[in-house]
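Naming follows writing order (A, B, C and D), and every chain is counted from residue 1.
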C-alpha cells in the first residue's frame, strides 16, 4: 500500500505557485474543499486559473480567493450569487471562460482518462462552438471538445484512507471524482481519514491511484446556500 | 390566462408513466408538485441525484444533499447519487426522457435563448446547453411576453442561443404550442379565457392555426 | 419509483430477434449473465452480433451460443480458450472484430453517454488504426474511435432493486457498468433482488435509469476459469 | 544466462517506491514475487483491481475475484475494484507508472509485436495496445531469441504491431537494453556469464555498445 497521508492542508498544498491551474471540486458550495481553500487564502498565491463549476459566494468557497484577488481566470459553467465576482468580471480584472456543465465534467474526466478530445452535441450553434470543429454523427451536429488538465486538483470527500481511496456523500460527489482524475497532483481532503482496510473495496468511488496526497480536514462548516424547507 | 402554477399543472399533463425528467429552475421546478396520480416518474437533478424527494422538514436539511438550484432536498427510497460526468452521460445519452426549462426567447424553428443578455452580467449556461442539445423531448415553460410586453416567440432569436432547433413544445400563460420545423408555432390549446386573437397578438413568429383551437382541460387529480 | 422487475429471464429477453446486436457483460467467465445466456440458448435466436470482451469457454458463457451457431459476429478484445470459436473463425463461419480492451470499454461508455466519438492513443500505427482518422495531440498520435450501441445490453450484478439500481461484486464488475449504459434496452440479472430502499444510494454503481428490466437469476454456477492457489 | 525467474528478479529492481504497476501474463507476473523490501508498490490488473494480493489458499477462492489472466486472486487491505472504463482511464491517463509485458518482437525504434502471427489463430490484443500506447515506462520481458533461435530484437518487426516507438527497456535472458530512438538497442548490462559477443550474435537490430558493459547485480533482499 502506498501511503499518501500528509498532516495538514499546508503540507498538502505545498508546491502550488503563482500562475498555476487548479481544479476545485464542488457544486455551488456543496462538496467544496473548505480547508484547502482556507489554506490557499493564507498562502496568498495569485494569478491562479481555477477550474470549478461555480465560484462560491461572497464570503465562502472560491469567493474567498476572489476577495483576495488571487484568481486571474475562472473556468466554470455558472457563476451567479457573487457580487465581488461580478465586479471583477465587469471591470475586466477577472477572465471568465464559461463552459456547458456536461462538457466541463466530461473534459475533466477526459483529462484524467487520457482522452485528448471528444465530440459532444452541447453548444453546437451557440457561441460556445465558435472556433471549434463541428461534425455530423448520425445526422446530428456535434463539436469537438478538448481535455482539461490541472497542476493541482483539490477535492473533498466524506471518507478516505491512507491509500488515497475516497468515498463521497450524497450530492457532495458532483465534480470531485473527475477532477481527482485530472490533476498532475491531486489533493484530497476528507471528513474522516480511516485506517487502510476500513473501506469496503466495492464502495470506493475514487481509487487511490488518482490521489497523491490526502489529509483530514480540521473542521467543516458545510454552509447551505439555499436552505429550503417543507412546511410541516 | 394561466399563472405560473397553471403552467406547471398543464406541463404535468405531459408526463408519462416511467419517464425520467429533468426540471429547470423556476416554473419547471413546480411541475414536480402536480404529477398525475397513478403514474411513476423519477426526477433527475444534474448535480447528481435520481429519485429526488420533497424539501426536508426543518432540522432535517443536509448540506451534502441539494438539487441543481442549490436547494436542500430529500432522497426517496430507490434514489441514487452519482458524479457530474455520469449525470450528463444520462442527459446526453438520452436516458432522461423529458426536459422542462424556462426561456427568454424561442424561435419558429425551435432555437432557444435562455442564458445571456449582452451588456448584462452573464452568470453562465450551467447545464442548459447540454440539456437542450441532448433531450429528445424539450418543453419550454415561460410567459408568452417579457416584462416590456414584447413577444418571446420570435421568427429568430435576438439573444445569444442556448441551442438550435431543439424545442418541441411550449407552454405559456396563454397557450400550448408545438414547434413544426420550417413552418412555425402550431397552436394546440388556448389557456382558459384566452382567445386565438390574443395569442396571435402576443406572438411575433408565425403562429399556425388549424381549425378550432380547444381550451386547455385540467383534469381533476384522480 | 419506476418498477423494472420482470419475473424471469424469459420475460427479460422478450423482443430479442435474429440479427440483433447484443452487449454482454463479463471478463472471461467472471461476471457474465449466466441465466440470460441459458435463456438465449433456449430461444435459439441466431445471426447475433455479440459485443463482449471474451467469448466464454467451450461449454460455458458465450461458448454455449457459439455451439448452437447463434452468433454471426463477435466484437471482443480477446477470444482464446475456446475450440469451437477457433473452428468457426478459421472456417469463416464466424466474423470477428478485435478491439483493444480499453477502446472497447470506452466505446461502450461513449455509446451510453451520448459521445459519438473520441480520440485515443491505443492502436495507432497498428492494423486497428486502418481506415481511421489519426491526429496529433500534444505531439502524440491518436486515432478516432466511435461509440458502440446495442439493441439489448445484458448485464449481471450482485445486488439490485426494483428501480434497476445495481451493485457489482469485486472484479465481476468489469464491462457490466458501461454496457448497462449502452443498450437500447438494458436487462440486468442479479443474484439478490432487494426491496427498494434497501440499497444505500451512496453505494450504487449503476443508476437505475440505465436499466429497463431486472430479474433475479435462478441459480449461479459462477465457474472459475483458472483456479490458482497458494501453497499453505 | 537468466531463466524466467532471473528475468523477473532483474525487472523487480526497476520498481520504485510509490509505483503503480501493470504486469502482463507470463514472465511479467513473476515480478510481483520479487519486490525489493522497503518500497511500496501497488499492482493494477486491467480487469478491475488495484491492490492485488497473492493467490488464495485452497477453499478461499472467489469466482468474482480474478486477475487479467483469469486467475483467482486475493485483495490486500486498501484494495479497490472498478469497471473496465475506469481501469483504462488509469492506463491511458498515465496514472500507472510502469507496464511490464512480454513480446514476440521488438524493433530498434521501440515498436513491439506481441499479439498476432499471420496464419495462426489470433486470440486478440486484450489490453496490450492500450497499455503500450499509453504507458510512459514500458519494460519488455522476454527471451532474447525465439524457439527457432532467431533474434527477437530486430531492425524492424516482421509481425503485425501492437504499438509503435513505445518500448523503453528490454530485459532478456541475456541482457538489459535501453531503446535509444533513431539509434538502436543500447546494451546496459550482461546477464551473469554472458559475453558481449554472445549478446551481439543474438541481436539482429543495431546493438550499441559503449565501453565496458557491467554484469547484472542481484542485490540480496534486505
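The working rule: contacts are C-beta pairs under 8 Å (C-beta built on N, C-alpha and C of every residue); 3 or more make two chains touch, one makes a residue touch a chain.
Treat the numbers as computed from the prediction; the structure is a model and nothing was measured.
Here A-D and C-D are compared, and the pair linked by more C-beta contacts is C-D. Separating the CA-averaged centres of chain B and chain D is a span of 56 Å.
The centroid of the Cα atoms in chain A and the matching centroid in chain D are 36 Å apart. Separating the centre of chain A from that of chain C, both taken as means of CA atoms, is a distance of 32 Å. Here the CA centre of chain C is 29 Å from the CA centre of chain D. Contacts with at least two other chains are made by residues 49, 75, 81-82, 85, 88, 91-92, 134 of chain D. Under the contact definition stated at the top, the residues of chain C that touch 2 or more other chains are 106, 109, 113-115, 120-121, 168-170, 201-202. Pairwise, the chains that touch each other are A-B, A-C, A-D, B-C, C-D.
Chain B meets chain A in the complex at residues 45-49, 54-58, 61-73, 75, 81-85, 87-88, 91-92, 111, 121-130, 133-134, 160-165. Here chain C touches chain A in the complex through residues 106, 110, 113-121, 137-138, 140, 142, 146, 167-170, 201-203, going by the rule given at the top.
Residues 17-18, 20, 40-42, 44, 49-51, 75-82, 85-86, 88-96, 134 of chain D touch chain A in their complex.
By the touch rule above, chain C contacts chain B in their complex via residues 1-3, 109, 111-115, 161-163, 165, 181, 196-197, 199, 201-202, 204, 207-210. Those residues of chain A whose C-beta lies close enough to touch chain B in the complex are 27-31, 53, 76-80, 86, 89-90, 96, 98, 100-106, 108-109, 120-128, 158, 168-178, 205, 222-230, 232.
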